[in-house]
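Chains: A, B, C, D, E, F, G and H, in written order; residue numbering restarts at 1 for each.
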Amino acid sequence: MAEPGITPDWERRSRVGVAEAVYCAGKTAAQIGRILALAEERRQSLFFTKLDASRFAGLEAGAQRRLDFDPLSRTAVLDHGVPAAAPARVGIVCAGTSDMPVAIEAQRALAFNGVASPLIGDVGVAGLWRLLDRIDEIAAWRVVIVAAGMEGALFSVVAGLVPGLVVAVPTSVGYGVAAGGMTALHSALASCAPGVVAVNIDNGFGAACAALKLLRVFAAM
Amino acid sequence: MAEPGITPDWERRSRVGVAEAVYCAGKTAAQIGRILALAEERRQSLFFTKLDASRFAGLEAGAQRRLDFDPLSRTAVLDHGVPAAAPARVGIVCAGTSDMPVAIEAQRALAFNGVASPLIGDVGVAGLWRLLDRIDEIAAWRVVIVAAGMEGALFSVVAGLVPGLVVAVPTSVGYGVAAGGMTALHSALASCAPGVVAVNIDNGFGAACAALKLLRVFAAM
Amino acid sequence: MAEPGITPDWERRSRVGVAEAVYCAGKTAAQIGRILALAEERRQSLFFTKLDASRFAGLEAGAQRRLDFDPLSRTAVLDHGVPAAAPARVGIVCAGTSDMPVAIEAQRALAFNGVASPLIGDVGVAGLWRLLDRIDEIAAWRVVIVAAGMEGALFSVVAGLVPGLVVAVPTSVGYGVAAGGMTALHSALASCAPGVVAVNIDNGFGAACAALKLLRVFAAM
Amino acid sequence: MAEPGITPDWERRSRVGVAEAVYCAGKTAAQIGRILALAEERRQSLFFTKLDASRFAGLEAGAQRRLDFDPLSRTAVLDHGVPAAAPARVGIVCAGTSDMPVAIEAQRALAFNGVASPLIGDVGVAGLWRLLDRIDEIAAWRVVIVAAGMEGALFSVVAGLVPGLVVAVPTSVGYGVAAGGMTALHSALASCAPGVVAVNIDNGFGAACAALKLLRVFAAM
Amino acid sequence: MAEPGITPDWERRSRVGVAEAVYCAGKTAAQIGRILALAEERRQSLFFTKLDASRFAGLEAGAQRRLDFDPLSRTAVLDHGVPAAAPARVGIVCAGTSDMPVAIEAQRALAFNGVASPLIGDVGVAGLWRLLDRIDEIAAWRVVIVAAGMEGALFSVVAGLVPGLVVAVPTSVGYGVAAGGMTALHSALASCAPGVVAVNIDNGFGAACAALKLLRVFAAM
Amino acid sequence: MAEPGITPDWERRSRVGVAEAVYCAGKTAAQIGRILALAEERRQSLFFTKLDASRFAGLEAGAQRRLDFDPLSRTAVLDHGVPAAAPARVGIVCAGTSDMPVAIEAQRALAFNGVASPLIGDVGVAGLWRLLDRIDEIAAWRVVIVAAGMEGALFSVVAGLVPGLVVAVPTSVGYGVAAGGMTALHSALASCAPGVVAVNIDNGFGAACAALKLLRVFAAM
Amino acid sequence: MAEPGITPDWERRSRVGVAEAVYCAGKTAAQIGRILALAEERRQSLFFTKLDASRFAGLEAGAQRRLDFDPLSRTAVLDHGVPAAAPARVGIVCAGTSDMPVAIEAQRALAFNGVASPLIGDVGVAGLWRLLDRIDEIAAWRVVIVAAGMEGALFSVVAGLVPGLVVAVPTSVGYGVAAGGMTALHSALASCAPGVVAVNIDNGFGAACAALKLLRVFAAM
Amino acid sequence: MAEPGITPDWERRSRVGVAEAVYCAGKTAAQIGRILALAEERRQSLFFTKLDASRFAGLEAGAQRRLDFDPLSRTAVLDHGVPAAAPARVGIVCAGTSDMPVAIEAQRALAFNGVASPLIGDVGVAGLWRLLDRIDEIAAWRVVIVAAGMEGALFSVVAGLVPGLVVAVPTSVGYGVAAGGMTALHSALASCAPGVVAVNIDNGFGAACAALKLLRVFAAM
C-alpha cells in the first residue's frame, strides 16, 4: 500500500502573509523528520508548534541540532534566514507564570516572522495595581495579545483601558471548572468590553498569526 | 386520591437564621394561594421569589392586594411585621442595568429580614473608572454581593480591591456563550482572586441569605 | 428603596476608539427610554443592539420616531451627527440568507462609526464557485468579517484564500448539533487556517468594533 | 465462578456484508488471545481495531507472528485468505498528516474485505489549491471517505465539489475546542452541503464498513 | 445601504446530484417570497424544508397556492415538473408516531427527486416483534433510512439484521436526557453494529440526499 | 402517499407486566385521537402521559369526555376496567410542591395498574425534621419512589434511612445549574448510598413501571 | 494537627440490607490498610471496589494475603464468613467482552452477600440471534442486571423481551461520543421500554446492591 | 529574548486579608524555586497549593528542607513566622476519606494564617447517624467548610441543621457522572437549603480564604 505524499503549503507566506508552520501534536517523529528534510532541501525556514520534549527527543540527532528548540513553549525553529526582528507596536501580556508557555509561543512565532514583541508577565487582576503600573506601556501597542487562564478577567480589563486590539489567548491553566481553558475562552467571547477577539485555547501561535496578517495588510494596502 | 399536605418550614428563621421563602417557579397559582392562606392564618410574614407577573396576575384579587409585589425582581412580600431595616455594612454591586433584577431580589430579601443595603449599579469593568470612583464606599462593606452576567470579570476585580467577602451572583444576562449564565458562574468559581464564593445563577435571594446568616452568627456567637 | 443610577461610559470612543452602545436584550422599555433621554440631553449619538421589534414597539412614540430602527438586525441608531461613511477596506461576507441579520448588525455598527463596508451574501461553501467568483474583491480588504452558522466552513476557506484578517462571527443559524451556534464558533476557533479570530455567537457588533479599533490604531500611531 | 463464553458473530459477513471485527480497546491481552485462538481453529480471517502497540506487545509471540500489525492505524489482520483487492471507485481523502492513522484504518479495513482504495493526504482547506489539484480524481469515486479533525471544513468543501457520497470520519486531531474530535463531528453533521453522512470520531473502520455494505447491496440486488 | 443579492445554487443537481433546497428556519417570509419568485422566473422546481405553519401563513396568498405544503413535516414543493416516482429499493423505518414528521420529510424529499419510498412506522424495539414482522421487507432495501428519537436503539437493531446501508436520522423526540436528540444521535454514532452512518438531528432531508447521491453514482458510473 | 399504520403494543402487559401507554409530547391531536379510537374498538384501557392541557383541549369533545384527565400531572386514563387498587407497600415521597406533578404521574400510573400508593410531599432536606417525622411510615415500603429536583439530596438521605429500593425520579424543577433536571439526575446516580436506581428526568411513569414489574415478578415467580 | 477518625458504617447491612463496602479510588494504600485493620479487629467481612492492581500492590504483604483480589473487576473480599451462595433468580447479561469487568464486579458483590448469579456475556444487539438464543433463560430472572457500553441498545431490547426488572449498568466502553459511558447511560434513561432503571457508569456494585435490597424487602415484608 | 519578571502580590494580606499563595499546578520546578528565593530574601512566609509530590521532588534539596510539605493535601509552607493558631469558631466537615486531601488543604491554609480549625471526617449522609452524632459541635461554628464529592448531599443536609455559613467545597471524588466534581458542585449551587455558597472544585484553599476574610472584616469593622 503506497503511502500518500506530504504536501506542505510552501507558498502560504506569499499568499496570506504567514509562513507555513508544522503542528506536531498528532505526528510521529518519523513524519516530522520527513517534513524537516523537505524544508532542508528547499532551504526553507520552518516553525514547529506543540512539539513536546519527548517527541523532540525522538528526532534524529542531526535534526535536533538543526532546530532551535524551546521546551517551555514547545516550539522549534528551523532557520534558513529569518527576517531581523523590528519593533512593530505589538506586545504580549500574560496573567500568571503558568500562562507563560503560551505567551512565549506567540512571542517566538512573531520573532520567526521578523517582529520583536515585549512580554509583560504576572499582571493578573487579583492585584490590579500590577497592571495599572504598566498600562501606559501597553496603551502604545496596536495589537495586544493577552494570555490568561482561570477566569480570564484580564481580557476585559485590558480591553477597557487601552485602544489597541485585544487578541485573547485563553490558556488551559486552572482546575475544576477552569480545567481545559473553556472558562477563560468563554470569558473572552462574552467580554463586556467591545471588540475583544479570541483564538483557540493555548493557541499563542494563532494570535501571532493574526498580528502578522494585520501588520502586512495595513503596511501594504 | 387524597392530595398530600403542604409543609412549610415555619421555624427556619429560628433554626438557621433565614426565614422560609416560597420559590414560585414551578408552582400553580392555586398552590401559591394555599401557602399564602396558611401564612395569613399564622400571621407569619413570607417572602416569595421567582414570581413572574403573569403568575402573580393569576392569584385572587385579595391575595394580590395583600402582597408587596415587584415585577422587575419577581419578588413579593407578605408583611406581618418585618424588622426595621438597619445598616449592616452589607452592600450590592452590579455590572449592568440588565443585572438589576437579580440585584434587587437580593436587596429586597435583605430588607425583608431587617437589613438595609446600598446598591451600586452599572460599574462593569469595560469602563473601570466607574468602579474605581466608588471603591472606597465598597471597601467599607463586610459582605459585598456582586451581580454580573456575561464574562463576570467584575467578581475578580472587586475581590482584588476590597477586604469584604465577595459573594458572586452570576446572572443569565448575555447571549451566545454567555447565555444562561454558565460563563459568569465559572468565572466566579475560577477567580484568580482568593476567597470569592458563589451562589447559583440569578440567585440573588441565596446571596442575601448567606449575608444574613453571617450577620447572625457573628453577632450572636 | 432608591433606584441606583445608570452610568453610560460616554467617553469610551475617545478612550478605546468605539462609541458606547446599548445592549438591549435584558433591559425593560423603561430602562431603554431613560438611557435614550440621557443621550438626548447630552446630544450624544447612540447605537442600540439586540433590540427586538416587540421591545421597540414598547418605547414611547417620541422615542420610536427619534430612532433609525432596523428590525432584521435588531439595531437602532440615535443620530446626533454620525461621521460620514468613507471606504476603509473593511468588508463583510456571509454564508447564507439566514446569517444576514448578524452581517447587517456589523454593517450598521461600522456605518454608525463612519465606515462604509460592502456586504457579499450567500456564498456558502456548498457551492464554492459562488465564493470564488467574488474572491478578488474580498482579497482587497484589510479586515474581512465573515458571518456563518451551521458548520462554519466558510471561515477557514476564506482565510486560506485572502490576506486580510478574518474576524469570524459564528451565527446561531442551524438546528440539531448546530443549534445555538456552538458548532460554528468552535469551527472558527479550531480553524486549520492560521490567524482566524472569533467573536461571540451572533455578535456582529463586536466584529465591527474590532475593525474600528484596528482602523484607529493603525491610522493614529 | 465459571467465566462466561465469548461468542463472536462469525456469520456477520454473510448476513450484513461486513466480516466480524474485534474491537480491542477494552480487552485484556488474554481475551484477545482467546478470540484469536477461536478464529485459528475455524481458519477464519479476522480484523482487529484500536489495538495499540503496548497491547500487541502483550500477546504471545506466536500470536504476534500470525498477525499483520500496523502500529500507526492500530489495526491487525489474521489472514486465512482475504479476497484479492479490486478497484471499486471508493477512495479516501484526509486533511493532514495527523489524520493519517484513521485514514489508514479505513484503507486496511477495505483491503481486508477485498477493496483497494486510493488515499490522498494533506489536502486541508487552508491551502485550497492542494484539494483542487486532485478534485477530478476524487470526482470519479462513488464513495469518498473524508478523514479530518480540527474544524472539519473539508467535509463540506469536498461534498460541494463531487457527486460521490461523502462519508465523514471526524478525527480527534486538535487541541482546545477541537480536542476529542467533537468539533469536527459536529461540523460534518451540520454541513451546509446536503447528503454528508458521518460515523463516530476516529472510526475509520466504520466508514469502510459503510462503503462495503454499499458495494455489496448495489452489486447484488 | 444596498441589500446583497440572493444566490441560489441552481446547478447543484447537475453537479452533485441533489437539487438545491431552501432551508427556511432563519428566513423571513419576505426572503422566502423572493427566492420563490426567482424560481418561478426560471421555472425551476424547488424544495423547502423546516417551513413551519406560521411562516407559511405569512407568505402571500399567491405564493401559498403555488406550493404543495405539508405542515407535519414542515416541507413544501414548488412543482415545475418533478420526475415521476419510481421504485429504487430505498425505504424508511421509524420508531414511533412522534418521529413521523422527520420520516415524512425524507419521504417527500425523495419523491421530489423522483424516488418513491415505502415508510414503515411504529416499530420501536420495546415491542421487538413489530420490527421482526416487517424485517423481510426491509431486508430487500439497499438504503434504509431509520428515524428514531429517545435512545435510538432501533439503529443498531436494524443494522444488525439487514444488509442495506442504515442511514440514521436521530430525532429530537423525547424529554429529559433525550431532549434535543443528542442521545439518539450519539447512539447512532456509537452503534455496535458496523457501518451505520448518521445525519444531523431531525435532518430527514439530509438522509434523503445521501440516498439520492448513491442512486445516481451507482447508476451512472 | 399512503400514511403508515399505527401499531400499539397491545400485548405489552402480558409480556412484560406493564400496559402500553401513549407518550403524547410529540404527537398531534389527530394522532392521539386515532390511537384512542383504536383502543375504544378493542375496549382496551389506556394510559396517556405528557398530555398537556392545550393538546387535550385540541381533542374532539367526545374524546375529552371519555378520558379522566389530570392537568397537573399531564396524564389521562381511558378506563375500560382498571384493576381495583390494593395496598402493595409501594409509596412516593417528594421534595417540594413543585415536584408534585411528577409524583402524581407516578401515583396515577400505579393506580391505573391496580396499585394504591401513599404520597408524602414537601419533605425536602432543608428542614430534615419533616422527613424524620415520616420515616417510620416510609421504612415499611418495599419500593420508595422519590421525586426531587434542584440538588436531589433527598435520594441519598432516604436511601440511607430505609430498607426499600429507592427509585429516584429527578425532576426539572430549579433554575441556573438545576434547570432541566440534570443536577438532580446526576445526584441520584452518584449517590453515596448504595443501591439507588434512577429513571429519566420527570419520568414518574417510568418509576411506576419499575415498581409494577417488581410486584409482578416477585409475586409470580 | 490530629488526623480525623475513620468511621465505617458497620451497621449498614442491618439497617438497609447491604453491607458497607469500601470505595478505593481516592484512597491511599495507608488509608485502605487502616480500614482493613479495623475490620480485622471486629472480624467483619468487607468488600472493596475500584481497587486497581497498582494500589493493591501497595498494600502490606499481610493485607494482600488476607484479601481475595480480582484485578479484572478491581474488587477484593475480606472474608470473615460470607453467607453461602443460593439461587435467587437474579442474573447478569453483558454486551461485549469489554463490559465484563463491570459485570463481574456485580457478580462478586452479589456472591459476597450470599447470592449466586449466572452471567451471560457477548450478546450485543449487532448479532441479535445471540441474545434470542438465551432469552428463555433470562426471562426466568426477577432482576436482570445488564452491563453495556457504546450505544447501550441492549438495555431496551432486553427490557422489551423479559418480565424482570432491568437494572442498566452503562459502562465506559467505547470511544469518540461513547467515551466515558455517557451515551450508554443516556440510552438507558431514555429507553423506549418502560421501567428500565439505571445506576452510575461502571457501577456494577450499585446494581448488585439494588438487587440485594429487593431480595431482602420482598422476602421479609 | 529577556524573560519577563515574576511579580508576587506581597501586599495582598494587608489589602484583602489573605496572604499571597503560590498555585503550583502549571509551574516548572525552576519557576517555583525562583519564587521561593524571592520570599526568602524578603523573609516572607508563603503558602504553596497544588504542589504534587513529583514536582516537590524536583526542587533543590535546600528548598525542600525549607518547606513544610504535606503530600496528601499537596500543600507546603515556607515559615518565617506564622501567627499562632487560635480558636475562631471555624471548622471543617468532610464526607469521606477520599475528600480528606481537600479538607486538609483548607485546614493548613487556615493554620498558616493563624486560625486553628477542627476537622470532622467520614460523616457522609448514607449513614446519617454519623453526622447527627456530631451536629451539636458543628452548630457552634460560625463558618462550616464542607468538603464532599460524589452527589454532594452533605452540603444541603448540614446547611439545614446548623446556623453557620456553609462554604461548600465540591471535590473531584467519584466516577461516572461524578468524575471531575461537577455533580457535587452543581449540588451545592442548586441546594434547597438557603445561603449555601460554593468555591471551585477541590479548592480547599479558597474556602479557607473566604473564612479568613470574614474573620478579619467582622473583627475589624
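Heads up, the rule we're going with is that contacts are C-beta pairs under 8 Å (C-beta built on N, C-alpha and C of every residue); 3 or more make two chains touch, one makes a residue touch a chain.
Just so it is clear, the model here is predicted, and its values are computed rather than measured.
Contact with both chain C and chain D is made by A, E.
Taking CA atoms, the transformation carrying chain E onto chain F includes a rotation by 90°, reported to the nearest 5. When the contact pairs of C-D are matched by residue number against A-H, E-F or A-B, more than half turn up again in A-B.
Using mean Cα coordinates as chain centres, the one most removed from chain H is E.
The most distant chain from chain A, with centres taken as the mean of CA atoms, is F. Simply put, of A-D and A-C, more C-beta pairs touch at A-C. Inter-chain spacing, taken between the CA centroids of chain C and chain E, is 34 Å.
With centres defined as mean CA coordinates, chain G is found 43 Å away from chain E.
The centroid of the Cα atoms in chain D and the matching centroid in chain H are 48 Å apart.
Residue numbers of chain E whose C-beta contacts span two or more other chains: 12, 15, 96, 126-127, 159-161, 174, 176-178, 182, 185, 189-190, 193-194, 200-201, 203. Pairs of chains that satisfy the touch definition comprise A-B, A-C, A-D, A-H, B-C, B-F, B-H, C-D, C-E, D-E, D-G, E-F, E-G, F-G, F-H, G-H. By the touch rule above, chain B contacts chain H in their complex via residues 12, 15-18, 21, 89, 140, 142-143, 159-165, 167, 185, 189-190, 193-201, 203, 205-207, 209-210, 212-214, 216-218, 220-221. Contacts from chain C toward chain E in the complex involve residues 72, 94, 96-100, 104, 107-108, 111, 119-123, 126-127, 130, 149, 173-179. Residues of chain F that touch chain H in their complex: 95-96, 124-128, 150-153, 155-157, 159-161, 174, 176-178, 182-194. Residues 1, 4-9, 11-12, 15, 23, 25-28, 31, 35, 50, 170, 172, 180-182, 185, 200-203 of chain G touch chain H in their complex.
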